[in-house]
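Two complexes, one shared chain (chain A), two partners (chain B, chain C).
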Partner chain A sequence: MNLATLRDRAQLAEPRDLLRNPVVLSLLVLLALFAAGNLVAPGFASYGSFVNTLRIAAFLGVIAAGQTIVILGGGEGIDLSVGKIATFSTVVVAQVSQGEDERLLVAIAAAFAYCGLIGLANGIGVAYLRIPPLVMTLGMVGVVTGIIRVYSGGQPEGRAPAVLSQVVNGTALGGVRGSVWIWLVVAVCTIWLLRRTTFGRRVYALGANREAAFLSGINVQRNLVLLYVASSLYAALGGIMLLGFAGAASINLADQYQLISIAAVVIGGTTLAGGIGGYLGTAVGAVVLQTMRNLLIVLDIPAAGRQVVNGVILIVLLSLYGRQRRLRQ
Partner chain B sequence: MAFLEMRGVDKRYGGVVALDDASLSAERGEVHGLLGANGSGKSTLNKILTGVVAPDRASIEVDGADTRIDRPQDAHHRGISAVFQELSLVPDLSVTANIVLAFESTRLGFVQRRRDRERAAALLERFAPAFHGNTLPLQAPVGSLSPGEQQIVEIAKAIAREPDILVLDEATASLYSAQVEVVSAVVRELRAAGALVLFTSHRLGEIYDLCDRATVLRNGAVAGAVELAETTEAELVELMVGSVTAPAQEVVEGRGAASLEAARDVPRLEVEGLTTDRLQDISCRVAAGEVLGLGGLAGQGQSALLNALFGAVRIRGGSVTIDGQPALPRRPKQAVDHGIALVPGNRGREGLFPVRPILENLTVPSMRGRARFGVLSDAAERAAAVRAGEQLQIKYGSLDDGVMTLSGGNQQKVVVGKWLLTDPRVVLLDDPTKGIDVRAKAELYEVITALTEQGVAVLLNSSDDDELLALSHRVLVFFEGRVVSELSGNELTRDRLVADSLQVAAT
Partner chain C sequence: MKTPTLPPTTTLLRDARTWLLQGRLPITTAIALLLATLFANLVVADNFLTAFNIRSIFANVIPLAAVAVGQTVIVLGRGIDLSIGVIATLSSVVTVSVVEPWGLPAALLAGLATGAACGLVNGLLVAIVRLQPIVATFATSFVWAGLALYVLPPGTAAAPRMPDVIVLGYRDTLLGIPNAAWLLLLIGLSWLVLKRTRLLRHVYAVGGDEQAAFATGVRVARVQVLTYVIGGAYAAIGSFAMLANSGSADALAGGGLTLASIAALVIGGTRLSGGAGGAGGTIIGVLVLQLLTSLLVALRPPTDVRQLIDGLLVILALALAGLWSGRRRGR
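Here is the complex of A and B:
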């Protein structure tokens, strides 16, 4: 901590500037995106279009909830395997249920169980074997890819049971789809978990100062394992919802969420260094990212170009994160 | 017109008034005390002078010239250098490298670098007696040094810039008496060379020893500017806290040490042959209601024992029992379950969650007891935090404010307060009063007394010899990881403590 950062911190502590609140900031970005889109394509900012955006953002929102928890826990915590775990979850549900409604619950239980085990392995690797989270979870992507290959023979069989598709895609109340309602429940539970439970307090404590957390009687390793298990369970749920939306599984259905889940977390104001942030920001971040994607589609930018833009946005965000990190030291 | 004149300094943080029309005037060749209770605005005034904090209003004159200090660089150019309560060293860099950073050599190159290193070594030589075993750890990473040694490096770094004005903001708070003497000698040299030293400390002894005059702040305003030679301790304390409090020591004097003799047969805490990397074969018994002091030179194993009893370091051998039950913790979690609490020696690194609110900082160690199936009640958490805040008189705006918005002394109270909420049976205190003001010290001594009356066993390490002697029923003197003597009854004198610490036979 040098003089300049002390000065910055002293000023940051003053609450006068609402614009420094990341949740407020990303809400403003969201408004700007809708306004811009509406200029290019009238109707972009309509109620129907907004509700449709939420419907798709729900999958990202759910998967990024786990990512938020892992990142909040600090210590370079990150879960690069959430996308692949979600994909695995779609494959498990499709194959175990074989599209039969009566086997859906068994299939869902299997998906949570298998994915939970993968999260457990991530957690043990990070907490007890002290493998850096980046390395551990990136390695896990490879492992899960292999498991999916073997398990599905390269071509997943089965499809989404009709009930699942109805729940995820069905409309209720003001044209809002099932996926959004599920997301809402997940969001409320996650915010409650982080703010009102001992687990949540421990997550923040671990991220804010791991040494002090240890010396406050927190079992650091066990709680680290829990972070990664939680993350994989959220990914599993996201995968299940995605299967209901897509109808059939494939061996890479949810892979794209690997990076954009991190982007959603960062846009939402959770610092990659841990200890600061929360799920509300991430949820807004997920809507921002989905809206941005819609905007690029409206602007007729081809898929390759969209990927480039997505990548650039991530780089910008992560370099901003570098600044935040310096501020903390 | 004095050499340094600060006038009409105002600063608020939101609703908190940190400084209210404060002023300060001091001459070259003077050590000027900047005194006041915790949260009275001393650090804020220091930070304004060094360009770290922007004031709402201020006029600063140095050497008769109006001076704008908007950024730390401006202060550097005016020859102002500072040591703050929060350390600013780079923990992974070596001691030499950290000091070399201060030189800001414009010319690069091998020769220049070697010259810088030699300068750094020469500078540190002046502080050599303050380091463990008197050997300068030039190549050691700063992070591996004890808090006191890091503080010394910090002071050396500030002096490396050859300042006209040196600000020492509680730079001696974590130093042992031998180390303080080394720093005092350097401060006197600077004074003789015509520099102005602004000296902030909560230890009255140091203030009377070093300072010529002092400015006393109370609630951000100047309560008085005094010549120390003409001011008694009582008058000074009155200026700082507004009312005369009993000198801290008297609070605990006259406790019934005799009744402890009987209790000692049934020890609350019993340690047998405890050995770690830094401790050899430590044995001791502490009765319920007893305060066992850990004395000696800085870093002879006092903190190491506290950490070992708390399960924070690997234990190689020995046994620990509490109330006759085996209680050798393998990690702090187990220690907490056994009813042990540790107030760690390094509050920033080991005690606080810096980016989190005061509420969470106070409640995390004890929240499990209040939660039902892991679910917290906001009202109960706040009530607990308020209770700790009241018990220790913590000065805060809102429990939801970040803990780093507190003044240094109030941060220290948070680190103590979070453990009071756990209802411990054994309390391990590693220099718990560093940075807290005279009144808060007296209050903390009362808290310790109250704990012992409830039958808590206390182990106390303190860098302040007077405090150690006043609070402890017995003192174990450490030297290089062993206990070399035990002082009790009328052996509890400063002379005996110093003699045994230095391993000199007392006569």
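Here is the complex of A and C:
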């Protein structure tokens, strides 16, 4: 059985330790945010509003899944290029499909292939050339910006095929939009991947103690490359969904997810040092961040004040669970 | 962190690399890159050595140089500040807003205090509240950006301007050397002075091994807070250069400096996990980045390809520097 699973069970077994569980904590924060929002604007905590929050949070949730995997892998692992890769994916799908339904599958395949190659480059840089992940993926942002420029000529053409928009925005069971269903599938697959597959166990092993992982026969470098490829594939999927939502691509559509995806991971209780955490927390973290954003919109304060409040709430959220241990105390 | 032994196929390569780099200073790569970019510029650009060109290169380099030196101090102490560019923005809008009523010296002091205060908040969050630096400073960057918008809303009709003395003086020369170059020298000297202080020795100790530094009686939290305060103050100095270069402030500018400052210090050989490196290398890294930009301007590639070449050159520089720090970190 997986270490993380064992820990989860152990924590859930003790009711008084429940508050220490980051997922429970994030859920409580979420409830508090909805309650606060409902005081300001009655109806904020309604079912419809909640479902709508999920619909938008899905993009962040999917992109942050890749970020979670990279961060869990440890060794200062982080992927600052997810936002730009997701943007590239929107541009590729829009241009390849030209808005035509029959070319959608080819376009999606192209987006996954191109973005996967970028992830491969990230992984090779980190694993074989030993470039620190922060630097490698930061440099990659510049390269992908250039690739987008070359690929689109600065003005992405095409738009989302009608089918894609319908799948992402269409309402299915219980008024829940398609993007939420896609996210649910992605979430279940990711949690399964991390908890029940060899790859998942290796991710935790790499993050917990890379030396020990190597000594127990794990090919450290190859698995590191896989982490970054996985991250870029999640980013590509997030970009595809975002294109379906936005309708048309632009050269910076998904850039905002670069750092907010890391915030979602940390709020969800995954430590940046690696090895501890999981996707469930990140998913809740994504919903928390989106709810916070909605709350700020409802509060209707001017842009300057909104930014300040945004930052302050983010700090409060982070201090609930993102804290490191004190030195020897 | 120890890294496992490489498979035998790459051992040969590693040995060759070790031999090549044995006993060299960490800034060897940076100096080599500087010479290479300088040479390339001399070959490609006919007007590279004109007084105007040299003046503008130095004028453009100061904001990033100051911010990157500040970032270096923070990174040496095992931190990182993702809000440092926005601190520069906030400090610049504060300075330009009060320069009219308060006069220049008071305005500069206000800007410096703003930068240091932002750094203090970051430092307290990281060292006392023990938030993880990357996410904590990302969060505070929203606060600074919001405050900057509040102080100087964009699109204001009569935006305040800096006095002409500053703007013209910035592009002037003294003893045949551009004033901006003197400023760069001053920034470098300030680092040399700083480096000799006990505080900086403690910063290196904390960056090298937090636990060991704590055990030997270094007040780790206090040292870390001070690195952020110093970083904020340098960001303020960078903001003055931004103001002098453009004459006015923009509440939305300066954000790009953050990531560029990290790139510069990595190229300059400072280890991202702290404890090794220095601002001398960082300044060289900043010059390398600036020379790469001017090289691109001179080459006049098709506009569409320009950004890609820029990105590839930067990642190449980062990779070369990264190979070095990767080797140092391993084994």
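FYI, the second predicted complex is superposed on the first by the 286 of 329 C-alpha atoms of A that agree within 3 Å, B and C clash if a C-alpha of one lies under 4 Å from a C-alpha of the other, contacts with A are read in each partner's own complex, and residues count from 1 in each chain.
The definition used in the following text is that contacts are C-beta pairs under 8 Å (C-beta built on N, C-alpha and C of every residue); 3 or more make two chains touch, one makes a residue touch a chain.
Owing to the predicted nature of the structure, the values given are computational and were not obtained by experimental measurement.
When the two structures are aligned on the shared chain, A:Gln307 is found in touch with chain C, with no touch to chain B. By the touch criterion defined above, A:Arg201 reaches chain B but does not reach chain C.
In the superposition on chain A, A:Val266 makes contact with chain C only, while chain B stays out of contact range.
In the superposed model, more residues of chain A are touched by C than by the other of chain B and chain C. Once the two complexes are laid over each other on the shared chain, residue contacts for A:Leu129 go to chain C alone; chain B is not touched. Contacts of A:Phe214 after superposition: both chain B and chain C are touched. Of the two partner chains placed by the overlay, neither chain B nor chain C lies in contact with A:Gly48.
On chain A, the surface patch touched by chain B in one complex and by chain C in the other comprises residues 211, 214-215, 328.
Only residues 1-4, 6-7, 9-11, 13-16, 196-199, 201-202, 204-205, 208-209, 211-219, 275-276, 328 of chain A touch chain B when the two sit together in their complex.
Looking at the complex, you find that chain A touches chain C at residues 75-76, 78, 125, 129-132, 134-136, 138-147, 149-150, 153-154, 210-211, 214-215, 220, 259, 262-263, 266, 271-272, 303-312, 314-315, 318-319, 322-328. Partner chain A is touched in their complex by these residues of chain B: 13-14, 47, 50-54, 71-72, 84, 86-88, 310, 312, 331-333, 335-337, 342, 344, 349-356, 360, 363-365, 367-368, 371, 374-376, 378, 401-402, 404-405, 418.
Per the touch definition, chain C reaches chain A in the complex via residues 1-5, 82, 125, 129-132, 134-136, 138-147, 149-150, 153, 210-211, 214-215, 220-221, 259, 262-263, 266, 272-273, 303-312, 314-315, 318-319, 322-323, 325-327, 329-330.
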